[in-house]
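Note that chain A is present in both complexes that follow, paired respectively with chain B and with chain C.
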Partner chain A sequence: MIFGLEFPSIENIVEWPNFLFKDSELFGFNKIGFIHFLGLVLPAALFFIAGRQKGLVPKGVRNFVESIIDFIEEQIILPTIGAEGMRYMPMLMSFFLYIFIANITEVIPFFQMPATARMAGPLVLALVAWVAFIAVGVKHNGMGYFKSVLFPSGVPKPLYLLVTPIELLSTFIIRPFSHAVRLFANMLAGHILIVTFAVLCIGLWAAKPTVIVELLTFPGLIAFTAFEVGVSLIQAFVFTILAAVYIGLALHPEH
Partner chain B sequence: MSIASTTAQVLAQVDIDADGLKAAEGASSAGFAYGLAAIGPGIGIGYLVGQAVQAMARQPESAGTVQTTMFLGIAFTEALALIGFVVFILLKFV
Partner chain C sequence: MTIQVTLDNEVVFRYAEDEHSEEDGAHSEEADEGIVNPVIPEINEIFWAALFFFALWALMKWVLLPPLMAGREERANKIRAARDAAGSVDADLGEATSNYDAKISAAREEANSIVATAREEADAHRRELQAAADAEIADLRASADGELAQARANALNQMRGDVGDLAVDAAGKVIGADLDRQAQQSIIDRVLNS
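For the complex of A and B:
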């Protein structure tokens, strides 16, 4: 209770009932699962439709898809990994589109919930990125990858007592955690922000309908919805670019 | 002495139970946790974006690279505030 308004508890705004496998204890399928499923199917369908188009000059859907590919190439891969990073394009592209679709449902009516505001989704994605950069490092540098990360060259010998545990923690343990929490906490914060403004609007509407415009709560709700569209895009971009940076660091650990 | 005895009297009259006390402590420390966690990253992101804008104004042709690096820096700086936010959620709701 704040100012006489009853705010919903956190369970009310992030937990959804199952609408498939209602009686099963092992399985469940709720809105979050459905959004994750959409994040898988929509990009695949988009690329399938674009791939069927023949001809040299792209138009329509193919034009759109090629502009996404250009964006990933120009803004994410070339500045962080370089030209040899183009082979990781499919993975980074899937990250970007999947996270963007899971984020943008925050502002789409009838969904009104970012699927990435539950820790399970970002955690799995961050673990995929974690496995990917370790695999890239081992593939390109052999076991010397771990040596170059844990025992960086140019450090005086006694300092390894201090440097090695810090590098071990920051590279292999904290990195996937902070990678996941960055996405999760941003989206949960945005979701709570929008819920707060919606609750304010409803409470003031119940008290006196005209007051919601006077107190700028309804314009505030619209402004924050627009702000969250930007946040969805930026967070998808940031998650993807960090995955690219980690892969780039694993490719050339000496930098 | 009088203050302590007055506080004790007030507490005896208000009759706060253990759960209520725990919730109140959780709520106030949650506010402190997020507020304190937001100070450093706030200054950091402001400084970072200011320097990036300066770099872009001085050298508009490198705006793309600066922008990418800026978002990267923001992502790393912001992590501290976000961990503070997670602590807030844990203290307030769990």
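For the complex of A and C:
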């Protein structure tokens, strides 16, 4: 209870009841699951419609989709992996679009909840990236990949006592969690911020003597909502480019 | 979610889960204790997130991206081919331009050569005409000089005869005798020649 307002507790703003398979612990399907479903359906529909258009000159939906492909290629793959990274386009494209859809529902009416403000989604994606970069490293460098990461060249041998445990922790243990938490925490913080301002608006509107304060809280709510649109895009980009950087480092661990 | 404003102007939010729980008279143990750690993932959300992500990845890899990437590749190839063709046309144009320039240069040299030859011929012809004119002028001048000398000599001879006659007549009248014209001629000639 703050200033006569009862703010919702954290479980009230991030936990959603199952509406399908209600009693199943594994298959319980709630709003978060539905947002993830949209993360599959919307990009798939968009790309499917774009792929059906013929002709050399892209127009309409295909133009938009090719812009996304160009963005992933020019802003993520080429700077971090190089031309050989184009084979990872499907995975990186999936990361970007899936996360963006899961993020942007934060500001979509009737959803107003980013699926990435729950740890499950970011953790799954971070583990996929983790498995992917280790697999790429082993595929291209054999078991020498682990040696080149844990025992970087140019380091005096006594320092391996210090460097190797640090590299082991940072690259193979902490990295997937930092990757996941970076996305999760950003989106959860944004969600709490918007909820806080929304609660303030509703509460202060109900308590009429304080309606003057509404003049500050409502524009604040609008501003933070607009801000979260940018955050949704940036966090999708950051997660994807980090995954690409990890893959690039695994391809050429000597760098 | 419902909002209630109490008599003390307090705003209370009530959530579906709470209402549902109150109706059932049974809170979950977790909610009762307030132990909710948002960092701990729910197993059902992990399942659906993984399922839909892998489905999207598979669709992207085998269904959705290939036609778009093929279209992009086809367009890039056509652009590359058109650029190569344009490069070939550029090369042809360059060759034609250099041929044209070479022909223009040869024609210019030939024209210069013709002009120089014509100029030399004209100069030679001019010199010939000049020489002929000079010779003609010299001939005319020589002829005129001869005629002048002849006229002068004639005039002198005529004047000599007239002066001799006058002098003989005058001297005859002074002395009152007829003087022989032939006899005095030598004196007259000596006076006139001096």
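The rule we apply is simple: the second predicted complex is superposed on the first by the 245 of 255 C-alpha atoms of A that agree within 3 Å, B and C clash if a C-alpha of one lies under 4 Å from a C-alpha of the other, contacts with A are read in each partner's own complex, and residues count from 1 in each chain.
Everything that follows uses one rule, which is that contacts are C-beta pairs under 8 Å (C-beta built on N, C-alpha and C of every residue); 3 or more make two chains touch, one makes a residue touch a chain.
These numbers come from a predicted model, not from an experiment.
Touching A:Gln75 in the superposition: chain B (first), chain C (second), both, neither?
A:Gln75 sits against chain B, while chain C stays out of touch.
In the overlaid three-chain picture, which partner chain does A:Val65 touch, first (chain B) or second (chain C), both, or neither?
The second partner, chain C, only.
Please indicate which partner A:Leu188 is in contact with in the superposed arrangement: first for chain B, second for chain C, both, or neither.
both
Looking only at contacts as defined up top, I'd like to know whether chain B or chain C touches more of chain A.
C
Would you check which partner chain A:Ile10 touches, where first means chain B only, second means chain C only, and both and neither mean what they say?
both
Name the contact category of A:Ile234: first (chain B only), second (chain C only), both, or neither.
After superposing on A, A:Ile234 lies in contact with chain B but is clear of chain C.
Quick one: is A:Ala50 in contact with chain B, with chain C, with both, or with neither? Answer first, second, both or neither.
Only chain C; A:Ala50 stays clear of chain B.
Once the shared chain is lined up, is A:Leu26 touching chain B (first), chain C (second), both, or neither of them?
Only chain C is touched by A:Leu26; chain B is not.
On chain A, what residues does chain B touch that chain C touches as well?
Residues common to the chain A contacts of chain C and of chain B are 9-10, 181, 184, 188, listed in rising order.
Can you check the complex and tell me which residues of chain C touch chain A?
3, 5, 8-13, 15-18, 20, 30-31, 34, 36, 38-50, 52-53, 55-57, 59-61, 63-65, 67-69, 71-72, 74-75, 78
Could you please specify the touching residues of chain A with respect to chain B in the complex?
Contact set of chain A toward chain B: 9-10, 74-76, 79-80, 178, 181-182, 184-186, 188-189, 234, 237-238, 241-242, 245.
Residue numbers of chain B touching chain A in their complex, please.
64-65, 68-69, 71-72, 74-75, 78-79, 82-83, 85-86, 89, 92-93
Please name which positions on chain A make contact with chain C in the complex.
1, 4-12, 14-15, 17-18, 21, 24-30, 32-33, 36-37, 39-40, 43-44, 47-48, 50-51, 56, 58, 62, 65-66, 69, 89-91, 93-94, 97-98, 115, 117-121, 123-125, 128, 181, 184, 188, 199, 202-203, 206-207, 209
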